[in-house]
Every structure is written in C-alpha cells, then in structure tokens.
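To keep things simple, chains are lettered A, B, C and D as they appear, and every chain counts its residues starting from 1.
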Amino acid sequence: MGSFKIRTDLALEARESVEEGAEELRGVIVEEDYHEDSEVRITRVVIESKNSAKVLGKPIGTYLTLEAPAMILPDEDYHKEISGELAKQLRSVIPGIDKEPSVMVVGLGNRDVTADSLGPNVVDNLVITRHMVKEFGKAAYNQSHVPVISALIPGVMAKTGMESAEIIKGVVEKTKPDVVLVVDALAARSTKRLNRTIQITNAGIHPGSGVGNYRNSITKESLGVPVIAVGVPTVVDAATIVNDVFRKMFAGMESELREIQEEIQVSMGEIYNMYVTGKDVDYEIKQISHIICDAINEALELQSE
Amino acid sequence: MGSFKIRTDLALEARESVEEGAEELRGVIVEEDYHEDSEVRITRVVIESKNSAKVLGKPIGTYLTLEAPAMILPDEDYHKEISGELAKQLRSVIPGIDKEPSVMVVGLGNRDVTADSLGPNVVDNLVITRHMVKEFGKAAYNQSHVPVISALIPGVMAKTGMESAEIIKGVVEKTKPDVVLVVDALAARSTKRLNRTIQITNAGIHPGSGVGNYRNSITKESLGVPVIAVGVPTVVDAATIVNDVFRKMFAGMESELREIQEEIQVSMGEIYNMYVTGKDVDYEIKQISHIICDAINEALELQSE
Amino acid sequence: MGSFKIRTDLALEARESVEEGAEELRGVIVEEDYHEDSEVRITRVVIESKNSAKVLGKPIGTYLTLEAPAMILPDEDYHKEISGELAKQLRSVIPGIDKEPSVMVVGLGNRDVTADSLGPNVVDNLVITRHMVKEFGKAAYNQSHVPVISALIPGVMAKTGMESAEIIKGVVEKTKPDVVLVVDALAARSTKRLNRTIQITNAGIHPGSGVGNYRNSITKESLGVPVIAVGVPTVVDAATIVNDVFRKMFAGMESELREIQEEIQVSMGEIYNMYVTGKDVDYEIKQISHIICDAINEALELQSE
Amino acid sequence: MGSFKIRTDLALEARESVEEGAEELRGVIVEEDYHEDSEVRITRVVIESKNSAKVLGKPIGTYLTLEAPAMILPDEDYHKEISGELAKQLRSVIPGIDKEPSVMVVGLGNRDVTADSLGPNVVDNLVITRHMVKEFGKAAYNQSHVPVISALIPGVMAKTGMESAEIIKGVVEKTKPDVVLVVDALAARSTKRLNRTIQITNAGIHPGSGVGNYRNSITKESLGVPVIAVGVPTVVDAATIVNDVFRKMFAGMESELREIQEEIQVSMGEIYNMYVTGKDVDYEIKQISHIICDAINEALELQSE
C-alpha cells in the first residue's frame, strides 16, 4: 500500500509483507517446519545480503520464529513441550553453547506497562547462578557442567534517564559475560500472532533501525560479545489494523487503493499512537513469560557427562 | 453504517452516532457547558422517553459527561480542579445528598486486567467510615455531619463464579446503605475520549441492555436503593476504529458504503475481540482513579453547620 | 507463665502450651501421624467438651494440623505430595463431600499486607465453575460429577467499613452454597511453624473468641451452612518471642519467673503491636498459597464413576 | 551486654549503644536540634577519627538523622514539611550542590520483599531529566538551572548474580554522574524508630563493614564520585528485641547479666534470621518512600536566578 510503512518487529512478517504480490526476494533463505501433533510451526528466515536487509528493514542475521496458537491455554504439559522446543532452538543460536558460556540475560521494557513487561517478567523467574559459582566454585553444584548465569533489568529511559544500551554496556564491561541474551516485547502486524509467537535472532536489537542511529543498538558490535534476542509480539499498531482491512477489501485493485491512500492516512489521524491488543493481555503475557523463562533455564542447564 | 452496531457505553456518543445526518431526536434533552479556563466540557443528556431510550440503546435517566483533554497530565492543581467539578456533579445526582445518606461504593471490574481495573483502583483509596461510626458513633468525629461510607470490590464472574449483581444485592440487604455508587470501566467509540472523559448517571448499570436480560442489572429496581454509576472509557473496540475510518472516507457516499458493508465486516473478522488503547493506559488509569476517588471523598464529606 | 496470654491460632500450640508441666487435659483427643519419607507430620486435635474448649481458648471441633518443614523449598514434586495429602485431609472434614456439595471459598485478609495476603492469594488461582454450570449445565463438562465452586474476597474492615462476616452472610444467603471454605493467615507461637504448617478445622472462625462477641463469627451457627477453615501461621507476636526466651531460661524455676513477670511485661511495652516474621515471608506465602490452592482444587474435583 | 553484637545501621543508635553507662566517646561530635512545632528531631553525628569509627563500627563521615514520630500519619501538609526539612539536610551534604551537579539516584533492595523495597519505591516516582537534557539541551526547560538526574534499580544479588556495587560501578563509568545518591532500607535497634527515622550520610554504603571486605562498598573510593546514602530502618533483628528486654530488666545488674548471657544466646537460637516489624509495614514504606522522593526532587531542583 505504497508509502504506508507496515510496522512489524517480526522478520517473518516483514518478508510476507514484501512478497505480497511480488516475486521471491533474493538474499533471503526461508525454511519452514511444522510439527503436526504439537501444532508448532518453526520458520527460519536468514537474511544474507545487505540488499535484502534493506528491503526487509531488518539487519543481516538468522531469525527463528516459533508459532503455537494454543500457547496461552492453561495446559502445563503443552507449555513444557513448547518450552522444550524453544530451548532447542535457543541452543542452536547461542555461540559456543557446548563450552559452558557465561550468559547475562537482559529483560528490556517497563514492568509497569503490561504490554511492555515481558522482559522483566521473564527475568524475575530465572535461575541465577553467577554469584554462587563465584563464591563457592562450580564444585558446590556437584555437576560436571555448571552454567554461569546473571541477569539485568535496566528499566526504560523515561524512568532511568539513560539508554538501556548504555546501562547494559557498562555492566557487560564490568562483569564480562560470554553471551548476552536480551528479552523484549515486540510489535506485530497480525493480531493472530499476538502472544502466540516467539522470535529468536542473533542480529541483536536495533531501535529505530534504518535511520542511521546505531548509538543505542544492543548488538555484538556495540557490546563486544554475541547478542541473542528473544521477542514476543504483544501489540499491533492501530493504524496497521485499519490498513490491513483496506488491503483485504481492495485485493486486486492496487491502483484504486493507491489513489485513496492519502485519504486513508488522514482519516486515521486520530488513532496515531494507539495500539491493539487482546482482552487477556495481562494473563497471556504471564503465561508466555513462564514458557520463555523455562526455555532459557533448560537451554542453559548444560548436561553432566 | 447500516447494521454495524457502534459499541459505546457513553450516552453522549450514542446520541452523536444517532444524530449523524439525522434530525434531532425527540425525548432527549442535551445541554452543554464549557469552562474556558479549565477546558472542561460538561454535557448533560437526559433520556426522557421509552422511544428515545430504545433508539439510543440506553435506559431512561440523566447522563452527565465531564470531558477534560488534559486530565491525565501530571498536574496536581488541575486534578484538584477537575475532582472538585466532578464532586459538584456527583452531588447533583445523589438523591438526598443533604440528608447524610449512607453510601456503599462498589468497584466493578478485574484488578488484574489493566483496562478493567478502574473500579478496584478507585475503591482502594477511598476514605471508609462505616465501621468507625458503628463502633464509636458520629460523636467520635467531632463534626456535626459524618458521612457513613462503605466499599465493596465484588470481583469478576470468571473469578468468583457469581454475578456481581448477586454479590452486591446480598451485601446491600445485609448492610442497608441508602445509596449505591458504582464505579466501572467503559468502552467508548472515539479514542480521543479514552481516559479523558467521566460519565455519571442515575440509570445504573445494565450489562447487555436491550437484550431483555435484567437479571444482572445493578439499578434502583434490582437493588431497592438508588444507584449512581460513574464510568470512564478505557478501551475502544478495534472493529469500531476500522469502521470509523471507513465512515470518514465515505462521508456523503452512504449508498456506496452500504454496498461494501458486508465485505468490510468480513475483512474485520480477525480483529474480533481485540481492543484499542493508548500506550500509557496503565499510568492514565491510575491518574484518573485518583481524580475520581478524590471527587467521591469530597462529594460525600458533608459540611458541618 | 502466669497471666501472660500466649497468643496462637493453632489448637496444636494451645494444647502444648497448656500441657507444659501439667497432666493431660480431659476432653481433648490427640492423635499424631508421621510420614517418614515426606517428613510430613499430621496431628489431629479434637476438642470435645466445653471445659477443654475454655481451657484451650478454642471452640469445640476437630483441628487437623499438617506440618512439613520443607514446605517452602522450591520443589514442585514435593509440593504435589503435600497438596495431595492436604486434599485428603480436607475431604475428611468437608461434610457430604461424596454428594457433590457446592462450595464457596472465601479468602480472608488484606492483599496489600504481605503477612495477611494468604486468603486472597489462594482464591486468585482457584478453578471456579459455578457460573459455567449455571449457564451451560453440568453436561458441558463431560463428567458425571462436576463440582460447583464459587469464590469471594471480602476485603478487610478498614477498607470496606463492613465486617467480613456481614459480607459473607449476605452473599451466602443470595447464592446458597452447601459449604463455606474459609482461608486465612494465622498467628503462631513458634517461629519454627511459620509458613510450614497448615491447620484445617470444622470449628469455623471466631475473631476475639472467648470475649463473648459472636457477632463476627464465621461458623455454621452464623452462616447456616457448614464452615471449614484453612489457615497458615504467617506471624508470631513479638511479645510471644521474648516470653518464650524467658520461659526457656527459667525452665524449672517457675516461682522466680512468676516474681519478675510484671517487670518483663513492662520492659516489653515498646514491642506491643510488633510482629516477627522471616526474611522470605513474601516468597514463602506465595509458595504455600499455591499448595493450598492445588489442594482445594484436588479435594473438590469429584471423581467420575 | 558483652559479646552480643547489637545490630543497627544507624550511627545514632551505635553511639547510644556505646555510651550506655560509659563516658563520652572521643572523636565523635554530636549535635541535636529539635523543632517543637513539627516534632522533628535532627541529630548530627560526625565520626572524625579511625578509633571512634572502629568503636562505633561505622566509617568516618557525617551522619544526619531526622526523626519524626508522626511521619507515617496520612497528613499531606505534614509530609511536605518533613520532605522540605529533608531536602534542606540533603542539600547540606551533596558536594557542589550549587554548581548543578548531575546526580544518579540508586534504589537498592528487592522490590518484591516489602521490608526491602524502599529503594526501588523511591526511584519509581522520581522526576528524571538526563535523557531530556541530552536530547533537547537545557534550553528546553526554560529555566536557568536544570538538574541532570538519572536513576538505577540494580536489583539484589540473588536475582542478578552480580554485586550491586559491580552494576553501579559499570553504569557510573559509562554515564559519568557527578554524584551518586543511594537509597536503601536499614536495620534499627529500636522498634520506635521503624519507618519514622531517616539517616543521611556521606560515608556511603559498606556491606559487612569492619570485616575487611571492601569489594562491595558503594563509596567515593570505590566509585570515584561522591556517594550520599539515604536510609530508613524498616526492621529490627528479633534477637535484638529480646536482648533489649533483658538489658532493661537487668539495668544496674551488669555482672548478673554477663553470667547468664550465654544461656540467653542459646535460648534465642530459634529466632536467628527472624525480624520484627510493625503490622502496617507495607503502608508505612509507601508513605516514607513518597516523602523521600519528594525531598530528593526538591533538593535537586536548583533555583533559577
């Protein structure tokens, strides 16, 4: 729809959006895997070239997406299945996972704003070991492998006066983890994906990516250690919703749509800065936080020989 | 827009919606008052006839709406001004306010769901006196008039297994307040009114009004004592948003709009049960809860002679 | 120790306290059962006579106490074991448990005061069915037996202006459950029992029992249906702590102790209204709330044939 | 009482404890100021020499204590009076306060443990400006002086795996504030001081001071910038309570007390790691957090010329 910028933090949706009515994009590998019994779909998008990164508005890297429509149902066994699958995917992207890397988990976002509280929620329930290992040594754990895990909730700029990136960088330099794992709430394009989709990427986090502002990135380049980002879409921009209804209605009538596009934008003025979310967002974010927390615990608990 | 049912709990918006492109509705009185310095607009809608009640989908009664765009700014003096105005309006609809009625304030809604937590938030901070007056008598207060105030947070049916109306009725029969004041979160049609508008009505609360289900009403008829309802719109239905963009775009083209109406409805399928809210809903609900709480405290603190 | 009144809500401790250095009390049956593998001790105290009730300061009834020192360790399997045992004990005291009684669970206490938040915490996580059964019938559940469960969090008098007993009575009369199950935080005498002990009794709840004030009792007599109370000691009175240290030091020197008793009381003036609790009370109350919640769910989920 | 170590974080109490029955301590200056109308007592203890620091178990520095018994009453005007007085005292110890120092406020403690949540609570409500000044310049504020304020809630070691000192040091090096202001919950000796006393010191924070462990200090020496610590006692060790009752009872009988001292210690075994607090600790900590927050805001809001 011409100049209207679809906002999504999911590489999966960025690709779908570009390929609507277009040929396949070069420099992007897409693989899909569907588990019939668990109804879990895993999609792997690899953005390989600078050009495809530019077209998709996402940096070069690997993006794993795990979708499970039943994710927020209150079924503990199913949660274990999903967190097990997520743990497997996490291990596949954490560099040197077999060499017991020390990991700092960072929970981004604002714990007092429901839709933004995913990161702090996940970190609140993690098993933390770094201080014990430092105090008593790995011997204390009676296991051949002991993960060294620390965690940080930096808070949001409106409440700290500092960029999250500044805080994280300061703490990384002081405590020297091998890997940083960042958890954050995302925006999606489709309401069907809200709180039912988890994205894992080794591309880090780039606020305002594409605008040439690299000061606040949380990436291997900015921190000096590999950064894995785990995210869940918790909101959709209200404007995106309206836009998508128009796209569906005018499917196959691109020229008409282009004509009235400016009018649409004007009529949407009022909903700028509003977002769409489900009625159960408070409950669902708690559920999915637990799943991610369990997955991180499982991914990092290295097996004894 | 034909059969699409605009959902709003505000009598003000119901009337606007009906009168769009129509002559004035009989049996409805509307008065407006705008305070220039405080930018507060007070609208008084009186639904007088059964017919106008049916057309508007709201029961017979008086509906006062207080709108203040700056309501959620962090300005304590302004808050006092608004809560003072609100207290004045409240006193105008509470029957027998000069005769020291005992009042039970009921906070409806779910405290764990941000957009639905207005009622419990307001009640949490009220000044409660009934137990003190019962124990020590009014003499203890050293004032000629002492308000007798109690409060109840009944919870939501999914968590109690009971209708709020059942719980309230049981407690009213046991403790016999003269008036019940119910506080609840509402749905609006316009995002501009979210967390900036307060409606007061003596019509009580009618869940699913118009559908012939009176079992769950919280009204003078069902409780046996006057019921005043205070509400704030905290969400807009996502479908309403989309609908309104279409209405604006097709203004003056009603017949075309009617033609494509079914298509629109189909294209909106995905957003059924989603709602639109501002990014600061958690903060704003706290702010407006304090304003309402202060207003109730002020309205009920009867003057000594 | 003479006139110093040991404060404890546990029948178990009341008996211990009376029997220190005394012969066995008549009209009280005590049975103990220790499970070696789970380290769970279950004590059954039956107060049979008016006289023994007066001596112990507890009404006639059966008091089951489940003690498990490891209760608050983060071990899910162990929690299941304890909640299973607790469910068994609960079923043994709920009248007519085999005839599918409808049950209202009441969470007493103040959710904003950690040590008093047990009741609300337990109720927050219960499975509630009454509204579903009323709407869709038991057939909807596809089970031959379906429990009808409702729940109420009345709040505390300082915030409602009403006695909890008034609120509960009003709602019981309106919704007519067969049994009321009340959950509340208690005071213990021994810090070793804090958050590691659960008491179940069919004697209901008697605030200020012994003082002739029956207005606020929550019992079969006051509500008209059987009342089962489940409680956990979360605090110890600070004065009790000091007193117990003196008792230990002066063991076998009762006459000396009696002489200095008044002096002790005076020296303790400052700690009146203070209480003693462990450093992890916030965490421990969450843990034990989950155990009780699971136990109630399990106890009420009647088996299909 | 011989070897029993009174635990208090208040220099005021450390001095009282030493001077009980002893001559005045050299190297310590004490000044007291009592405001009759506001009932606020301000005590200034200056520890000047290494020897007096050793005797008192507190590092060299200035310790201001503000005591106000009515501090937790719900009286907004009185709160303003106290926070105004506190602001004045704060300004007297912040180095270079007239030269617009940039200040980082650090809230120590665990927000999920009531008695330890003071620091996070204070920081939650501060006015933060650093990000605005960096983005728009001081001009944006339309004032000749604009304070540059940032804030950090590092969390506790059990949840982060890192010493608070490590985290703070990392962030200080990255964001270079001129002064660090640390807010923390303390332990007192007397229950009368709980939540009614505020201590300000320029000596920083020394966990386990005296034990030769300087790794985790938060001081000018460790951070490279001046550190001001603001603290409120929220708990008393249970053992301290018992001990104090004995001291009062055996006043003037020091030799007898010394004899039975070991017995006392043994009899107190059970209450090790328990603490004493008031029934309203949750409410009181919120009140005093607001007072401190207002005082910091006021102290840092530098006057325009």
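As a working rule, a residue touches a chain if its C-beta (ideal position, glycine included) is under 8 Å from a C-beta of that chain, and two chains touch if they have at least 3 such contacts.
For clarity, every value in this text was computed on a predicted model and none was experimentally measured.
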**Q.** For subunit C, the least number of touch steps when starting out from subunit A
**A.** 2
Q: Could you tell me which chain lies farthest from subunit A when each chain's centre is the average position of its Cα atoms?
A: C
**Q.** Whole-Å gap separating subunit B and subunit C, where each centre is the average of the chain's CA atoms
**A.** 40
Q.
Taking the mean of the CA coordinates per chain, how far is subunit B from subunit D in Å?
A. 45
Q) What is the distance in Å between the mean C-alpha positions of subunit C and subunit D? A) 38
Q: For subunit A, write out the residues touching at least two other chains, lowest number first.
A: 112
Q | Full enumeration of touching chain pairs | A | A-B, A-D, B-C, C-D
Q | Touching residues (chain side subunit A, partner subunit D) in the complex | A | 112, 123-124, 128-132, 148-153, 155, 157-163, 166-167, 169-175
Q | Partner subunit D, residues of subunit C touching it in the complex | A | 112-114, 190-192, 236, 238, 241-242, 245, 248-249, 260, 263-264, 267-268, 270-271, 273-283
